[in-house]
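You will see two complexes here that share subunit A, one where it goes with subunit B and one where it goes with subunit C.
So, the complex of A and B:
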């Protein structure tokens, strides 16, 4: 049996959803809510003859980091690729709702609650998006998660951690973009349309999904860090993610807000300018963008260790009018 | 006929049934894998299994694999629920033994 101490040095990539949930918070503090013993399984999969899981592929609960309540939803990629069905989605929504409800209660009991002492919500993404077997319910769940994230804004920081095998794709790519802070490892992958789907739809000439290096430098953590889609890049261990989380938790609400990638006119302007850049720059590869961002030898970044990468990599600058962050 | 999930039920009784102290969940329903819940239940020494699987036609194999697990572990007064997704008999045996090891670790 893995202890919490083992988990800290374990690869985040290889960890299952429950190990991530347990290891991201302080030792022994994780309490699973709506766990496998509650048998909240998908009502749809049995009708299609598909295997079910007692927790519907998501581990939800609450733990502590430095005495601060951390509500966690952690997706299990090995169960139908972490796809979001009705129950799976409802558990994620309820996790965010619980965090917000406890914030409201704390604020009511203690109106002078400092803004970095309230609860936070963490989503450990490992998903391809909607579970097609439950398409409408799955899509609706995405919308409800987004709705909850909006309700949490300015109250409960919502933090995305991405570093698992399946990555974070499809509708959940949109959801991850709307969180306040995103933390990735170089093995984390983030995007809308996954590599296999691009190849299937557009052909191997457009995107060769068997080219691992291409896949990682297009969707992986290093690229997302340079682009600004990931706020932080950390080593591939549960402990590294936990360490970064605890640093983020010490920030004030204003500082948390400054991490957002979308959510204001200014931020959207920045994103649109990056889209415009892709038209003028006509990049053939992520490395063209890395070069534009000021990395004179982009090829060298590909194989750098995380710490070496962080010490030399230059990030794309903020592109809203006459402003830099 | 439309595909559907099968529910298989089995019952065994060890000669000298051993109780468990705590209930446990173990495993992930990946492709070719399974998960199990083992719960303490007063069943007059019997071990009851429910297997939920999309695979048709392996009832006898399940019976052999699960029966051997009880022969080896001597567990009794337990209710076992398995969610299976095409796990091979070897994988099933390994997962059940790992679950047992976890139970032992919990007691310690």
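So, the complex of A and C:
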């Protein structure tokens, strides 16, 4: 059993969902809710002759960062690719709802609660979206997560952390975009349609999913950072993610809001700048966008360490909305 | 009329008051570029005499700038166009006592699955539209979705599943609601197709069809008389208004409750109860700030 101190220097990419949940909050502060002992497993998988997990592939619970309650949902890619079924989805919905209910309670008890002392919610994404074995229930759960995220806005900061093997795709790609703040490592991947699916639907000419470098350039953390979809890019260690998380948690609600990528008419107009750029630039590769953003030698960014990348990379800018606070 | 599949514009005419649809205008919004997100049809109309925002799909057009976007697919432009229609609906009624309804007419096979879409963030586009709908719903606009053709996976998630109430023409009209057809599920999960098809009759969680979504609480009502759809949408607008006025739940959360009542999703409730109970026993340690 790894200690919390070990976890801080461990690779986030290699860590399992429980290690991420434990390591992202202060030492010894994590309490798992609806853990494996409760055996809340999928009732649908056994009917298909498939194995179950007692946590249904998601670790949910609550911890503290600097005495502030942090509600966490951490997806496990080793179990059916972190896919969302009925139980898995309900655990994520309940995590967000507990954070919001806790906020309402604290606010009622203390109307002058400072806006950076209330609960926060963190989702550590590792998923391809809906679990096909129980797809209808999984889809409906996604809609409930979106509903909770909107309900949390302006009250409970919701933060996405993305740096695990499976990436964050399918319906959960929408959800990650809808959070207040997103933190990625260069190994994190974020999108809607995964590389294999694009290749299958549109052909190898459109997208060669076996080209790992292409895959990372298109949906990986560095590209998402340049594009503004990732607010922050951090090294691949649990401690680096935790450090960034604690910095974000010291911000006021207004400062958190300034991190949003979508969620208002103004931000829609900003995103439409990118759509227009897509039409005029017609990039063959993400590197064309990096160059447009002011990186004269985009190829050189591919293999840079995270810290070197951060010191030289220029980000796509149309207006102030995506600027770091 | 046997089906409205692929005929989003005909569906608009069938639902709203005769000759009242003004396309590309919502509040102060006027969309003048005919090539901007042509697969998304937005505008303002009257429904039973009341001003409503209409958002639908047009399966007959292609987006000239995005080759993967055709046949009702929601691409980046389409999703942002739909989101703008919602935000302008909110702005048009801000501060008013009665908020106009939004009617979503659903016939979409998916989101744009291309490289441009991934490079620039298809997820942001459809994510925007969902958040806009959720915001409008929580502000009090009644939102009623009606599935007239295809309501597939992520495209249904953005265009439909954030509504207060969801209606669907019955399966006899060729409507389809699913994430993936059983043949594809069989291929990806490596399970036998015939076995899955048999199981689908008793277990609606992975079966394809509006009747299965109804059993899961994912669709409030199936419609069997195609000529009544305007009246049924109007009825649900009134019901949603009343529910909201009475503080009763609508939308995704209410469909979770409905899924339990209809016996289609029974674990969801248990999971939430366990998490609430377990947190209550440790809450003092975490909420002392």
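As a working rule, the second predicted complex is superposed on the first by the 318 of 325 C-alpha atoms of A that agree within 3 Å, B and C clash if a C-alpha of one lies under 4 Å from a C-alpha of the other, contacts with A are read in each partner's own complex, and residues count from 1 in each chain.
Everything that follows uses one rule, which is that a contact is a pair of C-beta atoms (placed from the backbone, for glycine too) under 8 Å apart; a residue touches a chain by one contact, two chains touch by 3 or more.
Computed from a predicted model, the values in this text were never measured in an experiment.
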{"item": "Touched partner set for A:247, first subunit B, second subunit C, both or neither", "value": "neither"}
{"item": "First, second, both or neither for A:78, with subunit B first and subunit C second", "value": "first"}
{"item": "Subunit B versus subunit C as contact partner of A:47, first or second or both or neither", "value": "both"}
{"item": "Dominant contact partner of subunit A by residue count, subunit C or subunit B", "value": "C"}
{"item": "Partner chain in contact with A:37 - subunit B first, subunit C second, else both or neither", "value": "first"}
{"item": "First (subunit B), second (subunit C), both or neither touched by A:286", "value": "second"}
{"item": "Touching partner for A:1 - first (subunit B), second (subunit C), both, neither", "value": "first"}
{"item": "Touching partner for A:263 - first (subunit B), second (subunit C), both, neither", "value": "second"}
{"item": "Those residues of subunit A which subunit B touches in one complex and subunit C touches in the other", "value": "47-50"}
{"item": "Subunit B partner contacts - residues on subunit A that touch it in the complex", "value": "1, 16-17, 35-37, 41, 45-54, 57, 76, 78-79"}
{"item": "Interfacial residue positions of subunit A with respect to subunit C in the complex", "value": "31, 33-34, 38, 40, 42-44, 47-50, 60, 62, 64, 67-69, 86-87, 89-91, 93-95, 97-98, 102, 105-106, 113, 117-119, 129-130, 132-144, 146-147, 149-151, 170-171, 173-178, 190-193, 197-198, 201-202, 206-207, 218-219, 223, 227, 229, 261-265, 267-268, 271-272, 274-275, 277-279, 282-283, 286, 289"}
{"item": "Subunit C to subunit A touching residues, read off their complex", "value": "65-66, 68, 76-77, 80, 83-84, 87-88, 91, 111, 113-128, 130-132, 134-135, 138, 153-154, 156-158, 161-162, 178-180, 185, 188-189, 191, 196, 199, 203-207, 212-213, 216-218, 251-253, 255-256, 259, 264-268, 270-272, 274-276, 278-279, 282-283, 285-289"}
{"item": "Partner subunit A, residues of subunit B touching it in the complex", "value": "2-5, 23, 25, 28-31, 33, 35, 37, 52-54, 81, 83-86, 101-102, 105-106"}
